[in-house]
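Two complexes are shown next, each including chain A; its partner changes from chain B in the first to chain C in the second.
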Partner chain A sequence: MSNIAGKAYAMNVVTPAKWYWVWVNKLFFWFVQLPGGAAYLKGLLTLSLIHYARWAIVSPKEFPHLDESQPKEKLKYSYMFFFSNFNGSWDQYVDSFHAAIPQGLDLFWFKNVKYPKSVPLQPFHAYITYNQIWTSHYYSAYPLATSNDIKSARHLTRELRAFSESSARADPLEFHEAYQRLLRDVQQDISIMERTPIVSLSAQAVEQRLDQADAERADQ
Partner chain B sequence: MSIDLQDIQGNIVKGYAQYDYPKARYVFYHIRNEVAGRAFVKGIAPLVTTGIPWNKKAKPNAADAPPPATTNIAFTYMGLKMLGVPRKSLQTFPEEFVMGMKLRKDILGDDGPSDPRHWDRIWRDTSVHLWISINGRDPASIETRYQEISHLVAESDGGIIQLSGHHGPDGSTDLPYQSASLIYKNGIPQAREHFGYRDGIGEPYFMASSGHPNRVIGGGKPTRGDPATRKGWEPLETGEFILGHRDEAFETPIAPQPPLLAFNGTFMVYRKLHENVGSFNRYLDTVGENYPGGKELLAAKFSGRWRSSGAPVTRFPTNATAETFEFQLNEAEARLYAERENPSKEAKEAYVALRTQMAAFDYNHDLEGSRCPLGAHIRRINPRGALEHGKEAFNTPGALTNRRRILRRGLPYGEVADDSRDDGDHGIIFIAINASISRQFEFVQQQWINYGNDFKLANDKDPLTGNHGVDSNQQPTGRMILQGNSTATENPFFCAGIPRFVETRGGDYFFIPSLTALHMLSNGTVDPT
Partner chain C sequence: MMDIIRVLVTGLLRRWYDNLRNLLTGTRPPAGAAGLTVLCPIINDSDGNQSHVMALRQHLQDLPLHENSPMAAVPNTYLCRFYILNDVFYQGAPAEEEHLKSKYLVYSTNFHGDLDSYLSGMWEHAQESIRQVWRHCVAFENVRTTADFVAYMKKCQVRNHLFFNGSTGDPLNRQLKSLYLKQEFSRFVYDHQNTPPEDLQRAFQAFIARTQPGNPDSPTWVAGADTESIKT
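Our next item is the complex of A and B:
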């Protein structure tokens, strides 16, 4: 059980909010999805360590009741589910949100129960830790790739395809010039992906034990 | 905001080298028993240099007269334990400090030739409890203070052991202390390290900093104002560097208990970093031949500053602009040195104006890195506002940077006998001071020096100080792209096969107590209840 897979960390935070306040949060989420609202997400979108972040508000009657064997629950609150995958450590992520977009966070979590505000940091850390649900299974198909790497790879692929089509019948001089132009266009997108630095010694220890167990099973 | 400088150790607020103390001796001790340990600390306490401002014109024995030699003291976790600090208090120290530098090697990237197995013997075979630094104007002043301290060790009757095991020049492996010194040229001490770079330029400026107010330019945290003026910067909060004071998160930093033990204290990183001068020179010579800008520009692109002047390459992008600046700087420095006993106002102002230019910049006009590469050393260790990528997207441009700053207090050590060789014993004694070793020093070391994702550079490392590896044929794998100018016809240049230029040779994490806390430690009165 680990929140970490490859270069990514999976965070799930579930926070209660009084049902009669959540329309404010919903209004805010609706607003930022309007064409002009994206400006309010600029900070979030500039935090390049994020793979994605999603908020969902679920009211008491929206919780699924699968069949009769599931005991009925009387829920007092609406709940906000926050899911995010990101690169780097828990601290780096939470601290980046807190420092870069504190007002935005305070709107997202507006009136959530016991939300302490994003500044100062220590109460905010405590709030997220208290409400975080640990990830029981997490798989990464591309453990060497960060969100930035994927964006770069996509850009590089696009440019390279266009280049190979457009330069297929170019004469040597044209080809040379087009190639130099390509280099300049993709200079931010070329590097090599390797293993992640070890951001957590305990996660590293868990991984080593699991690898060891796998190796032993393979031997049998 | 004022802080009690008499309660704060002087090395926190002063880089002694800038106060004409060009030489240092770092001595390490092991505490055999608590009583002797406390008696030793009690003996050292009156010798400790505080942060009070010095008055050069004061009478020699006045409280504010600069001493012939300074003395500062710090403890490892095991040192605090040996002094009898109660468990309830010990448990409140941060994890990384408790573990010490050796056990943090996977976080720090101390692998291959930097692995603790290859460290100086003192860091391998012994348990360091206590660090004392003596900075002096001349070797004799240092020796006098060293003898005073050695006398206290002798009085402990075996209760305190001075640890030897520092490697030195001539292959010695058992020196009793680590010497360090600015490098001299024509008899004048230079702020320079062994690769030839001018050093000690970027210094964080915080609320309690002393010195010229212009030092906030480039030293403080960026605002949205003009980076060339004081409007472009604000002092950092004191709590980033000294415990018990407000930090950049608008709270007092997490600190050991009781509060009086932590208040006005801080954490220190001591690291002996060997410099492979031969490899560095060979790489510059070989690759510099093919690089259109030549060897010196290549060296400047690695660091982000020109080697000889320290001029930032983002502001002085060509050889010609850098040379003009260097000429002016040399003139101003020579004049200031000539007038050092009683400098004139003009000499000081001329120097401050040039010094300010070395720090007065950000990267907003150089977002693609065509002047200062995205992976250059100074752009990595202090990205200023660059992690906003020019978008004015964050609450403040330094949102991802302001809590990653460190005060550097180290000096070069050793001499380069043959600059075509890597061996010998020379490099930098890197000393960093910060309120949180994990949030500040370790983060910078791991994420910004040994990795590149925050700069969108995948696994690229700092060209100068990164822990570059080798492939299966033992060929070095370090790499760096020197970005070209996409609007002009300047192409990127690819540096491949960069070897590891800097290797770790030892070090540990220390707690620097306030003077009050030092007395509590020596009296055995730390009580967190």
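Our next item is the complex of A and C:
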């Protein structure tokens, strides 16, 4: 069990909300997806530590029912499922959002049952901790990379390809000048990606347990 | 308030215009990053000497990590996870206490492309691993073909009300190629500081020939690798 895959952390939070309030949540989620409404998500973009995040509101009737052998759910609340893939530790993530976009968080979890609001910090921490579910298996296609690495890699690749084409017939001095200009333009994209430092002892323990199991299998 | 009204009016007009234009020109908006959330009820019975839910949890926890994860074989998977929803949480008085009647396998994935292609690729590239996971779920015994699997997953799908993309929506092979180039070019820059122009140009031409920036599939990073594994 690990919430960590390389530099990404998987957060799962499930919280109840009364059916007549979830319409407000749904309306807000719909609103911010309109062209122009994305400005209200600016705080999320500015923090830039999220790969992808998602909110899904499931009413009692929407829990999948596949077979007569499966009893139908009889619930009074709707449930909001939150999934996030972010870089850094749990504390860094929760504290950043608490500090940077407290009003945004209060809109996302508007009127969820016993939601304490994002300020002050300790009750908010307690609410997320209480409602968080641990991940059983987490996979990232690029454990060495952060969300910022992916965005900067895209920019660097575009610039590099353009430079490669435009400098193909340059003489050495022209090439050198253009190369220096390229470096000036992509300096913020140049860095070596390494394995992440240990941010969780439990994640380290999981890797050690699986490595040990692999070694035992290899010995047999 | 005026800001909200402005966003509503311009947003709706823009959306209607885009839909109308797509309809008239027969074009589809480009596929980017998408999210899928599925809740699959777990069989409430025993599997040998333990319950299905326990067997499934153990199986998920023992899956190999990183490039050896079965999900590394599924095309265009950026990040995905499995967890087990045992029950919902009681929030304390005066909230009402209630419980789920089934436990659910929650599969959440962030991927590139359209859902049908993604699910078909999932079945075609990781069928055996998928069977080992989903065999613990209600009615999965009826899934035999790609079409069955796609239909099953859609039955278990719940709607995402907000999907936030903080990354890029590029296909995975392009993302991995860009990361490979970023890493290799960063090394090149460090290694060639103060190199004379003629040598620098020659070295750069060799770098481009080796790294092939225009080829998204080779050489590149291996999906899921937590060390610098390069696919040639």
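Definition applied: the second predicted complex is superposed on the first by the 216 of 220 C-alpha atoms of A that agree within 3 Å, B and C clash if a C-alpha of one lies under 4 Å from a C-alpha of the other, contacts with A are read in each partner's own complex, and residues count from 1 in each chain.
In the analysis below, a residue touches a chain if its C-beta (ideal position, glycine included) is under 8 Å from a C-beta of that chain, and two chains touch if they have at least 3 such contacts.
The shown structure was predicted, so the numbers you read here are calculated from the model rather than taken from an experiment.
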Problem - Partners on chain A (chain B, chain C) - clash or fit - result: fit
Handout entry: Partner chain in contact with A:S191 - chain B first, chain C second, else both or neither
Key = both
Exercise for the section: Tell me which partner A:L183 touches in the superposition: chain B (first), chain C (second), both or neither. Expected result: both
Exercise for the section: Would you sort A:P64 into first (chain B), second (chain C), both or neither based on which partner it touches? Expected result: second
Exercise for the section: Between chain B and chain C, point out the one touching more chain A residues. Expected result: C
Exercise for the section: Could you say whether A:I133 touches chain B, chain C, both of them, or neither, answering first, second, both or neither? Expected result: second
Exercise for the section: Tell me which partner A:S48 touches in the superposition: chain B (first), chain C (second), both or neither. Expected result: both
Exercise for the section: For A:D149, select first, second, both or neither according to whether it touches chain B, chain C, the two together, or no partner. Expected result: both
Problem - Lowest C-alpha to C-alpha distance for chain C against chain B (Å) - result: 6
Problem - On chain A, positions contacted by chain B and by chain C - result: 45, 48-49, 149, 152, 183, 190-193, 195
Handout entry: Residue ranges of chain A in contact with chain C within the complex
Key = 1-2, 5-6, 8, 10, 12, 14-16, 25-26, 29-37, 39, 41, 44-45, 48-58, 62-67, 69-77, 79, 81, 83, 85, 113-114, 130-131, 133-145, 147, 149-154, 156-157, 160-161, 164, 167, 170, 172-173, 175-176, 179, 183, 189-193, 195, 206-207, 210, 213-214
Practice task
Note which residues of chain B are touching chain A in the complex, please.
Solution key: 104, 106-107, 109, 248-251, 254, 368, 374, 388-389, 391, 393-396, 399-400, 402-403, 438-439, 443, 446-447, 450-454, 456-460, 479, 481, 483-486, 489-492
Completion exercise
Interface with chain A, chain C side, in the complex: residues 4, 6-8, 10-12, 14-15, 33, 35, 37-41, 44, 57, 60-66, 69, 71-72, 77-85, 88-89, 91-92, 95-96, 98, 100-102, 104, 106, 108, 110, 138-139, 155-168, 170, 172, 174-179, 181-183, 185-187, 189-190, 197-198, 200-201, 204, 208, 213-214, 221, 223-228
Exercise for the section: Show which residues of chain A lie in contact with chain B when the two form their complex. Expected result: 7, 42-43, 45-46, 48-49, 87-88, 91-92, 95-96, 98-103, 119-122, 146, 148-149, 152, 180, 183-185, 187-188, 190-195, 197-199, 201, 204
